[in-house]
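Take a look at the structures below.
After this come two complexes, each holding chain A, first together with chain B and then together with chain C.
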Partner chain A sequence: MTSSPPLVLDDPATADRRRSPLGRELAILAAVAACLFLMPYVVDDYALQVGYLILQLAALATAWNLLAGYTGLVSLGSAAFVGIGTYTMAMLDERAAPVWFAIIAAGVVAAVFAAVVSPAMFRLRGLYFTIGTLALAEALRMWMVNARTFNGAAGIYLTGRPPAFYQLYWLVLVAAIGATAVVVVILRRPLALRLNAVRDDEDVAAEMGVRVFRAKLVAFAVSGSLMGIIGAVQALNTRVVVPNGAFGLTWTVNIVLVALIGGLGTRTGPWIGAVFAILLQESLRGYPEIHLAITGAVLLLVIRFAPSGIGGAMADGRRRLARVWRTRS
Partner chain B sequence: MGIAAIDVGAIAQAASTGLLLGGIYALSALGLSLVLGVMRLVNLVHGEVTVLGAYLGLLALSTFGLDPLLALPLVFVVVGLAALPVHRLVLAPLAGRGEEAALLTTFALAVIMQNLYIQWFTGDTRAITRPYSRSTIEVLGLRLPGVYLMGFAISLGCTIAVYALMTRSGFGRRLRAGAEDPMAAGVVGVDVGRVHAQTFALGAGLAAMGGVLLGLAFSFTPTSGTAFLLVGFAIVVVGGLGSVAGTFIGGTMLGVLQSLGALMFGDGYRGFIGLVLFLLVLALRPNGLFGRTAAT
Partner chain C sequence: MNGADLTGPVVEVRGLTRRFGGVVAVSNLDLDVQRGEVLGVIGPNGAGKSTLVGLISGALAPTAGRITLNRRDITGDSPATRARLGIGRTHQTPRPFEEMTVLENLLLAADAVSRPRSAAQRHKDCTEILGDTGLARDAATRAGQLTLLQRKRLELARALALEPCLIMLDEIGAGLVEAETTELIELVRSMRDHVDATLVIEHVMEVITECCDRTVVLDLGTMIADGPTQQVLADPAVAAVYLGTSASSPSDEKPPVDPTPVSPVGHVVGRLVGTDAATTTPLLTLRDVVVDYGHLRALHGVDLEVNPGECVALLGSNGSGKTTVASAIAGTVALQSGQILFDGEELAGRRPDQISHRGVSLCIEGRRIFATLSVEENLQVAAGDVPRHVIRERLDAVYEIFPILAERRHRSGTAMSGGQQQLLAVARALMSSPKLVVFDEISLGLSPIAVDQLYQTLEVVIASGVASILVEQHIDRGLALASRAYVLSNGRVALSGAASEVRDDPALSALYVGASNTNGGSP
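On to the complex of A and B.
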């Protein structure tokens, strides 16, 4: 099988690499973070809940974007990493570990899982990787439901002192900003070129001297550990951890919807997608099925008419407008 | 294991029930295999089309009083025809845009259909129950559920029909040519786009018929599609991509292994065993799968 062509050929993130220095990008990110940090002092509880959901999805979609958008590994196994993070938090809560330690441990365990399954998963190329990751995540969920080791389908209750909701909001904010910062920094490193080379043509990349397995593993592990961290924060939020929730396919589906609608291979895409999906969800409260069906239909249209997502289409529009402006003046 | 004595009778019982169940699984998987082999499309909406078949079987019974088994040809035709505009409007325009665009489009279709099912049919667990659903037939000392035997026979009959279609008809020749080398097939006058549309329709029709049989044999929910899809992929991988006979044999193998596994570890592990088998075959011989393409 020849490796499949990338979904996004023109990568806006790498295209305007030279325009703004890394320091300025990180400064913008820090400014956004500071504004969002102050939210709990300004908005009501409901708005904070919505903010939590947006940041959670933005972080997850950013992590998935690193894998699918920049490395070309379209994974349907995200739920596995979220679930592993969730259960790591639950297990460490039982042992009364500090929250910060449990969150970091969740990221580490998820990265280790990525490393352990990578020899098998990376033998699968293109579409087979996609179904392979789906099968892996579903197998893990079914095992967690049946095995007694982690209390099966009944799950685990967190007994540690529950953090206040604004603290959870801050945790998920740090995760989302951190995930984006990781991607922004990676895009400035030679690693980004290796990842893109693997995405565009694995065989050619290997011939050019890229260590394909290692490049893929870095993306898989970094993306997985970010998802694990979000899973850990989610465990603190729900307080009860069950396999069908923590390892549920819903995670995978939402991540893919948000990342693709926002724009694969763009830095702002996951954020735009998360805002879009959660605002649509909140405006259709009480009709979750209709919300998801509409989101699916939007994805159909985006793939067909705006392959680089809403974010990509907006960047295109901005560039076109700038060109018109220049020719006029 | 802590089993005192190996119960040969129980093993034979589980193996034969699994064989029949696997044959039932194989019908839906056959559609998945054809679409993957001919169109190179990982059709993530296949499980939802299978569930659609189950709901149509249920509706045929509740609305028209029509026995789901008698409604099978109707379900095949209706779903096959409904698949044609979906291919025309949604998938065909993506030709030349790479495999991922088509894959993610079927993902979007699956999300849409699954949520429409919940909206229309509620999330309740359903099962198609007929007088013959609970009857068992005794063969050589084994008690076999009648509905499994009928489903197995129907699935085998459909598989033979598809095999004949592939090997004896003009459509089959064009389909095999399109699968082997789309460019060369186009040069010698095969309308590859049309072959793809027909293959997609055939795949959907087979999935829906498989869904009726699965609805008779099991209970199902609006979200059963993912499980059906993964079982289908496991069968395709075990049986060999695009092979009609291989798919049926792969189905029976998977069914037997699942039932024996359920006997050993507990019924909850049925699905888990299928997925582990799938991952093992996929990881151990990934290249063996891509080599075989001809639908024979």
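On to the complex of A and C.
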């Protein structure tokens, strides 16, 4: 072999993991968080509402991305975790638990649920896992509709003192930043390689010493727990929780949509997708049919022309520009 | 570690049995892998060799029997646990983690090693293994972008990163040219210092004779021979089930072909293929064909001609562009520039199905048999959109040439041995009644005896008058059947002419031997 210097390729799939030191990434994240934190002092109520929706979707898509993008577990059961978080908050509100405690409990309950169903779910692979999670979430919704314990389809009213909207905004901001930080940190750990190995080839991963079940469970539980936390915040926002809302398929569908448009397996993708989806939704508020049609068209265009999503395409363009810049100078 | 006994055999297999449905792949097998030895496992396709590796690695669960590693019973352990105990393997078809870099592939495996070491040290160890296996330049390349040879190296490097006490190499020599094989042999020998024992499954006999102290022969899941390598290979029983005719004369230029089956079915193939030997204008002409893969130029202006009824061999080392030529003709890669004329018609820019309709049939490396279809359905699909009675006629003709396929017509296409699957692939290529068949490395991964059978069949097909291109790494096999040959090197035709001239050209061996030095770079 020749002894030429190591060849470093600008490969989008792997460049993501070695671009900059962890400290700098967390610093950038903190700066973004600080700016967003100040929003309630600057913008009006409507803008804050929009911001809340964006952050909520960004957090959910980030959590889903950990599962689908990095671990290859394409789940359509997101609504189950959001719903569990929502109901945990409602139940604890009835018992007058502090909000912070209820939010953490929502994350814990969702993670425990993930752990309990994982032996059954992980028996299913690929498409079957996807269908299995969808069935699980729908079954849970149907059960909640009929369960007396949780007041059935009528739902539960939150009676505790409602927080101000800017406080809700801050809560969802913390969740979104926290979810992203979790993903950023995981990507720096050996765990990330294990998740990716499971995604690329589960059987070979096992032969290389990866405890596949454990790796999948970590991703499933972390992702579910983040979704549960978002669900809890959402309960504080809506004040009334009903099964068809909390466990609604809309959650699942929107999350997938945002992650795909933004870019699967990228850290910025869920954020870009969330901004795009919510701004589109708000600008076409009066025209729901057009909104659906445009969203569908955008999804088709993204899949055809930017299979790694808008985020992936932007990263690609940036690298190309950088290369042109390097060759010029 | 784990109270393991480090004096006896590394692996002991007792009464190991594995059934797949009604088929017994491994049957009541007893086998020891001794400390410090390189053990060869050979046998015909379907003998149970890969199944044995799967059972030891834990990818497959045994139907019965017991496996111990350093006297610790591992029969019930998961693949992950076994990897952590020090069992490493490579796969017959490389299975790298495609979205990860080459180095990350190794770091993942190194993560399973219990020996405490810092992240920096692990990084350093993995980089060292990459250097040893000739992948140093590719550390940051995404594994999915590697060529076949590099993927094979990665398989080996990744298994070594586990710091295994037993390493199992499943047909790592398949698809390599001579110089690469020599390099591989060196590598396997050098591994002796790093691992306690090595198990080698191989059809490339050179690897077995050069590396293995001891060789066992499997047939239909049972051991039929066990002993020092030379002794086993000299065993007439082994020659009968495995080595076939090529055993006695490994260096023969022309593989001995039994002439008896040729004549009776020769006319049958003639019925099947669209021969047109009356004309003398070339059937296929490639003019200055250039193909790019992204920034990489794979073909730098290739000229090639095939006359009606002629068999042309296309030779060259790994990465020389042979398969790209085949793909360009079949329409599965786009041309940057140049012309491909077939029967006076331009093929460049046409879809693969349109090209197939015009009478070009491709029989590809890796077989690509449809697993969910039966043998007969696999054949029917390839016939295309023709009336049912025509399909019937062609099926009858094919079954006459390939009686084994008639026997198994209702079985799943992939439930047969590798050699039989390859026969099915050849038969499938004939079903569309082609004027030209491109055979792309069809002997890959077959046992010597299966290759003999395959080439006997090919001779029948070629004698029938269908034009063919034979893409081969095995120079002698290719030149024995072809009337003319082209040798590619780095995407250019380096040598061409009548088969006999090419064979005697001193430049030929230089092209093959020289290849290993330029090989191994990133694409």
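Rule of thumb we're sticking to: the second predicted complex is superposed on the first by the 313 of 329 C-alpha atoms of A that agree within 3 Å, B and C clash if a C-alpha of one lies under 4 Å from a C-alpha of the other, contacts with A are read in each partner's own complex, and residues count from 1 in each chain.
Basically, a contact is a pair of C-beta atoms (placed from the backbone, for glycine too) under 8 Å apart; a residue touches a chain by one contact, two chains touch by 3 or more.
As the structure is a prediction and not an experimental result, all values here were calculated from the model.
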Contact breadth on chain A, by residue count: chain C or chain B: B
Partner chain in contact with A:Asn196 - chain B first, chain C second, else both or neither: second
Chain B versus chain C as contact partner of A:Val212, first or second or both or neither: second
Partner chain(s) touched by A:Val50 [first = chain B, second = chain C, both, neither]: neither
Touching partner for A:Arg304 - first (chain B), second (chain C), both, neither: first
Contacts of A:Val204 with chain B and chain C, given as first, second, both or neither: second
Chain B and chain C footprints on chain A, overlapping residues: 1, 4, 6-7
Touch list for chain A against partner chain C, complex: 1-2, 4, 6-9, 11, 13-14, 17, 190, 193-194, 196-197, 199-201, 203-212, 265
Touching residues on chain C, where the partner in the complex is chain A: 57-59, 78-80, 82-84, 89, 91, 95-101, 104, 107-109, 111-113, 131, 134, 136-142, 145, 158, 162, 520-522
Of chain A, residues touching chain B in the complex: 1, 4-7, 74, 76, 120-121, 123-128, 130-132, 134-136, 138-139, 142-143, 145-146, 249, 253, 256-257, 260, 289-290, 292-293, 295-297, 299-300, 303-304, 307
Footprint of chain A on chain B - complex, ascending: 40, 42, 90, 93-94, 97-101, 103-105, 107-112, 114-116, 118-119, 226-227, 230, 233-234, 265-266, 268-269, 271-272, 275-276, 278-279, 282-283, 286, 289-290
